[in-house]
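Here the chain labels run A, B, C and D in written order, and each chain numbers its own residues starting at 1.
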Amino acid sequence: MKPLNIGLIGYGFMGRTHSNGYKRANDFFPELQQRPVLKAVCGRNAEKVQAFADQWQYESIETDWKALIARKDIDVIDICTPNNSHAEIAIAAAEAGKMILCEKPLALNPEQGERMCEAVEKAGVPNMVWYNYRRVPAITMAKQLIDEGRLGKIYHYRSNFLQDWTISEDLPQGGAALWRLDAAAAGSGVTGDLLAHCIDAALWLNGSIKDVTAMTETFVKERMHSETGKVEPVSIDDACSFMCHFQNGSLGLFESTRYARGHKALFTLEINGHDASLRWDLHDLHRLEIFDNNDEGRLRGWRSVHVSDHSGDQPYMDKWWVPGLQIGYEHTFVHQVADFIAALDKGETAHPNFRDALETQQVCDAVLSSAKEGLWKNV
Amino acid sequence: MKPLNIGLIGYGFMGRTHSNGYKRANDFFPELQQRPVLKAVCGRNAEKVQAFADQWQYESIETDWKALIARKDIDVIDICTPNNSHAEIAIAAAEAGKMILCEKPLALNPEQGERMCEAVEKAGVPNMVWYNYRRVPAITMAKQLIDEGRLGKIYHYRSNFLQDWTISEDLPQGGAALWRLDAAAAGSGVTGDLLAHCIDAALWLNGSIKDVTAMTETFVKERMHSETGKVEPVSIDDACSFMCHFQNGSLGLFESTRYARGHKALFTLEINGHDASLRWDLHDLHRLEIFDNNDEGRLRGWRSVHVSDHSGDQPYMDKWWVPGLQIGYEHTFVHQVADFIAALDKGETAHPNFRDALETQQVCDAVLSSAKEGLWKNV
Amino acid sequence: MKPLNIGLIGYGFMGRTHSNGYKRANDFFPELQQRPVLKAVCGRNAEKVQAFADQWQYESIETDWKALIARKDIDVIDICTPNNSHAEIAIAAAEAGKMILCEKPLALNPEQGERMCEAVEKAGVPNMVWYNYRRVPAITMAKQLIDEGRLGKIYHYRSNFLQDWTISEDLPQGGAALWRLDAAAAGSGVTGDLLAHCIDAALWLNGSIKDVTAMTETFVKERMHSETGKVEPVSIDDACSFMCHFQNGSLGLFESTRYARGHKALFTLEINGHDASLRWDLHDLHRLEIFDNNDEGRLRGWRSVHVSDHSGDQPYMDKWWVPGLQIGYEHTFVHQVADFIAALDKGETAHPNFRDALETQQVCDAVLSSAKEGLWKNV
Amino acid sequence: MKPLNIGLIGYGFMGRTHSNGYKRANDFFPELQQRPVLKAVCGRNAEKVQAFADQWQYESIETDWKALIARKDIDVIDICTPNNSHAEIAIAAAEAGKMILCEKPLALNPEQGERMCEAVEKAGVPNMVWYNYRRVPAITMAKQLIDEGRLGKIYHYRSNFLQDWTISEDLPQGGAALWRLDAAAAGSGVTGDLLAHCIDAALWLNGSIKDVTAMTETFVKERMHSETGKVEPVSIDDACSFMCHFQNGSLGLFESTRYARGHKALFTLEINGHDASLRWDLHDLHRLEIFDNNDEGRLRGWRSVHVSDHSGDQPYMDKWWVPGLQIGYEHTFVHQVADFIAALDKGETAHPNFRDALETQQVCDAVLSSAKEGLWKNV
């Protein structure tokens, strides 16, 4: 078993999900020919990063990401830092010849994203972006069904990502914990954080988007900054929705917000085709619902498929337990690690790579621009 | 259009559901050749029965059911009185040559029921019992599917009827409103009131029951009587469950109670066969769920059929609205009236007739006897 | 009991729902002081209208709506004709001093609608529009909760009306059965047919809409006309979605289509407020879902309220059956008849009246105009 | 961090779930003071056990469980073998002073179980049985709510465990893969395999069971034996249901089968109390449903609590991800490992221990005995 030495930059929520992915992939995907080794984790606060390393059994720590990239014993740089540092780190890592796994969204804007793509393509290094939801088994199966033509011509695609965690006006903004509320660090609010997931899945499942018209809102206009203690204007979008045309002629409707009381992480998608429709939501992610118009008339109905039955060739499920026993959120990262390594083993390209993620970035950019100007925008 | 003159005895909750059925059947079933006419309603309290007649547009009232039966202008006697008067009224009505529609359960016990059957059979009068749930479109469709052999060999049948309205110890027993809590009037508690519905559906859908073992409980041992004002022992079963063998080799599991907090009228049934399973519940009665093992493996799942789509040959639904628009509880009585008249029009026998309902009575009797003795009992 | 003489114009699907409402209201609302009498039904085809009259027990027929309006024995004109005749009939009826109940949408456009409002206001005749869904008990209860301030500041309102009945390219357009696919008769496609219901409910529940941006699509560009037999361009919108700002600062997202495979009449609405959220859908219309942020933290969740329990002061439900037993689609019309008569009895104004419905017409107009021009439009 | 050296006997499905538990506990429970070390795995087939060791990173293998028990470097013996070897191994391990984690059911019968209890109690070694479902967060929270008295007096407890994997008559019995169909190896069929889980949860949540009446069935009477190739009688129960009285006066209803088409692992439980009811099912294990009669009348309904929100003090959830992101089946084993170590750290007793599991064994024994004799049996 060949080691694949991981250098992780950032150790927040995503640092945990990725670390778990590295540690578990080979237990469940024994055919992989490389095994991730948690070589080093990097963060600016030595004490905190050491505590993380101890908990997750990283072999060493770094406090300067440039030092990490310079290490010869690191094969993969995994970028889990706030969005405004992705480009600089990724380009440096590419120039150092490292493979790169980068958290989403790819960058602050398409220009940065384009430079990142050029850097990895020039260096010829494997690269991937953590749009993890593609690897929910139910969504992977949706992709299979669409590719098999089961849905027929597509008429409608709709997707939401609804949360409610920023409703309180007392919630501060900025700093290590709340950088997602700071446009300087995050680039945007819900658009880059939540809609980006909806868009990545949509482009994968339904193809490219031609044009968009969008609406954004910032419900709470000022919040105390967690570092300065001062009340400052809120720079991000609290909510964003958009309508669009896909290249295949279907209509799209997207919405994200952090002000939908009662929804914690309600990422949903629904696709209506001539022959069948599909829908899914993250709150019960182990189910895919399908309506098949080819079913006998009086018995047509939405079928709730519990995606836990490996006997039925459901994606990934032969790796886990037995029918009826569900897996959850974290498994998407295990699957992504496994697929990345499997692609390395075979010399293939894993997706979504930087170039795939750039298209999502371009849609986000058109959405933000449309919302600002109140006009339809081409992507 | 030939009139079918109705004489209703009793004007409580069931008096309302039946009256509504008579008034609406011809609006929605225009092919019927007879139209019910609300000729007379009968009850002991003249003032109350007149108020009911005014509200529902009955032409006249009676205060003595024998006088009603004696009237020449009455074709059908509809019995909506407490269970302990069914036998006497039905036998008298049969002897007078009237058609009879009798509320369920048929009688207090199988002996009474047998005498009732003999009376209507000797008189040759059309007769039917208001086991209305057979005519929920979803249940009627379940019957069709079973008869077509879609489920294959049956392994399991389970059915519940759960309510929560008698939990309070302050609820009195007896009298006009609460005779269902008085064994002298009702014969039994939940067994005759609720389980009888479960059993009627089971016998219709899955065939005869061979033997049973049952358990009953009376949670609140004493209640004030609403007429005497005295605290008296409670004579009925508050809860009853039983296990059984069906003639077809399948196993049955039944439960009813009025102490299941949160359930108002949760009548459910589920049938598991070799090839497919079905389930249904009264709280969303317009849906039938089906799992078909012949579906493609990875896409198998429980399908929720919204039984509102007449284009699909769903029973009764071509009579109502358009796909997606649900009907409710009261429609089962409209359907029963329509089917009764259609059978008259064609000279056929409508079901469930007294003889069908007697079998349910016999199962109830075996259940109560088993619970009393703690032994398995043959039906 | 005073008679209220009804003259119905049109006898299609809506003619049936209204007739049923008239016939049943007094059975369930005995406190009403007037009882509808089915005096006359009017349609151009004498044979067909007579068959309808026979089925529903109308006393007489007319083949010219002007003759109907001229009759002295008619109190209420009920307009169930295609949309392009609403204005002419309503204005004539108002001038004749008749009360008017008009199917939705009010008119082909706001200009017609304004003239209709002026006519009924000048004549001083009671008037109402059949936006029946306001009287689904779950929606009426949603209105009560909002008016009580239970939701707090509103952030989001979203509503869909999804169908799938026009997907087939073989479906013809136009004529008596399919006038909804003909813009000349219907004014628009899904916008006036389906979105109008969403908008009426939204204006009632969440207040006025300031501005909109919309997108429409006609998926099937040509269809055979059912009367001419010729293939002609399709003039209606098959799908329409829009985003908007409400006056109260909340964001709206609306969508309707007849190309959402698997949805027959999926009218949904969801409202997210600071303190609570509500959601509802027509496919299970007897349920209201509520998430209340004031519930204890670890036990917060979406509560599915089965609106069938009169003991809980749920709107309208004391008129029907007992807890757990659901009512359905048609009952909304019974409620509307009852509320109209109750308002007459008390000398009050029933809603939605023509003036209320005009605001919905204005939103529809802004939506269609925005879709055409690709720009935000003020209402 | 102190090592806790694990010696695993058996490497089938449960060997995987336990190994995963050991490897992950400290990543998510950093407060633990001991870390499991996968010291050795034991099985009779050296080649297969080595492959398992390689996949899961066990340091060594053994092919004789007695040799494993004799090793000084093993702290904990984990028994994952067929049920007929639990007693012998556990007693030997206790005599060797090892801590013991034993798969359920504890033994073949209460006599064996009693001897096992005596052995561990005499040796004074920590011991636990893998009734993992107690540690589904939703079930742990149910226990908290009951202990807080939220449900009031309990009237009903019902629980199912329904599967469909043995319906095919072509499925063989016996051998390494299918020992669960062989009574000599398994002790019983669904009773020990599935009902045991239902009973363990019931005893924990609702207290002791007084008496039972049961029914069993073997639908497929003969199957080919996978080792001998001969068609032999099937010795196990394919289905088992029972009714019972709990010590607290409530009624119980339990059912398990492997012939319920459409259910893969539908473990459900529902408890009805005077003040509130709870229900849960394994197919959506991250949800707990609660009906609270203290809610406002018109807004009472079943609340679906998505147990993923650590802010609400939901058990275990602060260890995992963020609200809205579900965990699954395998996490129950991680929780059990963590709780076992936490108890060791504090010198406390972890549950369910052997003595707790013996009570479940006694109920199973009464159930099987009742089914055989057709009589009520005391536990």
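Please note the rule applied: contacts are C-beta pairs under 8 Å (C-beta built on N, C-alpha and C of every residue); 3 or more make two chains touch, one makes a residue touch a chain.
Protein identities per chain, from UniProt: A, B, C, D = Putative oxidoreductase YcjS.
Being a predicted model, the structure only gives us computed values, none of them experimental.
Chemist: Among the chains, which has its CA centre at the largest distance from chain B (Putative oxidoreductase YcjS)'s?
Modeler: A
Chemist: Determine which of the two chain pairs, A-B or A-C, is joined by the larger number of C-beta pairs in contact.
Modeler: Spelling it out, more C-beta pairs touch across A-C than across the other pair.
Chemist: Starting from the mean Cα coordinates of chain A (Putative oxidoreductase YcjS) and chain D (Putative oxidoreductase YcjS), work out the distance between those two points in Å.
Modeler: 36
Chemist: Just the number, please: Cα centre separation of chain A (Putative oxidoreductase YcjS) and chain C (Putative oxidoreductase YcjS) in whole Å.
Modeler: A distance of 42 Å separates the two centres.
Chemist: Go ahead and note the Å separation of the Cα centroids belonging to chain A (Putative oxidoreductase YcjS) and chain B (Putative oxidoreductase YcjS).
Modeler: 55
Chemist: Scan chain D (Putative oxidoreductase YcjS) for residues touching two or more other chains and write them down.
Modeler: Within chain D (Putative oxidoreductase YcjS), residues 263, 300, 302, 306, 309 contact more than one other chain.
Chemist: Residues of chain B (Putative oxidoreductase YcjS) touching chain D (Putative oxidoreductase YcjS) in their complex?
Modeler: 155-156, 158, 162, 164, 167, 213, 215, 217, 219, 239, 241-243, 245, 249, 251, 253, 255, 257, 259-263, 272-277, 291, 293, 300, 302, 374-376
Chemist: Tell me, which parts of chain B (Putative oxidoreductase YcjS) touch chain C (Putative oxidoreductase YcjS) in their complex?
Modeler: Within the complex, chain B (Putative oxidoreductase YcjS) contacts chain C (Putative oxidoreductase YcjS) at residues 13, 17, 19-20, 23-24, 26-27, 30, 54-57, 163, 165, 263-266, 282-286, 306, 308-309, 320-331.
Chemist: Going by the contact rule set out above, which residues of chain B (Putative oxidoreductase YcjS) touch chain A (Putative oxidoreductase YcjS) in the complex?
Modeler: Answer in residue numbers: 141, 287, 289-290, 292, 295-306, 309, 311-314.
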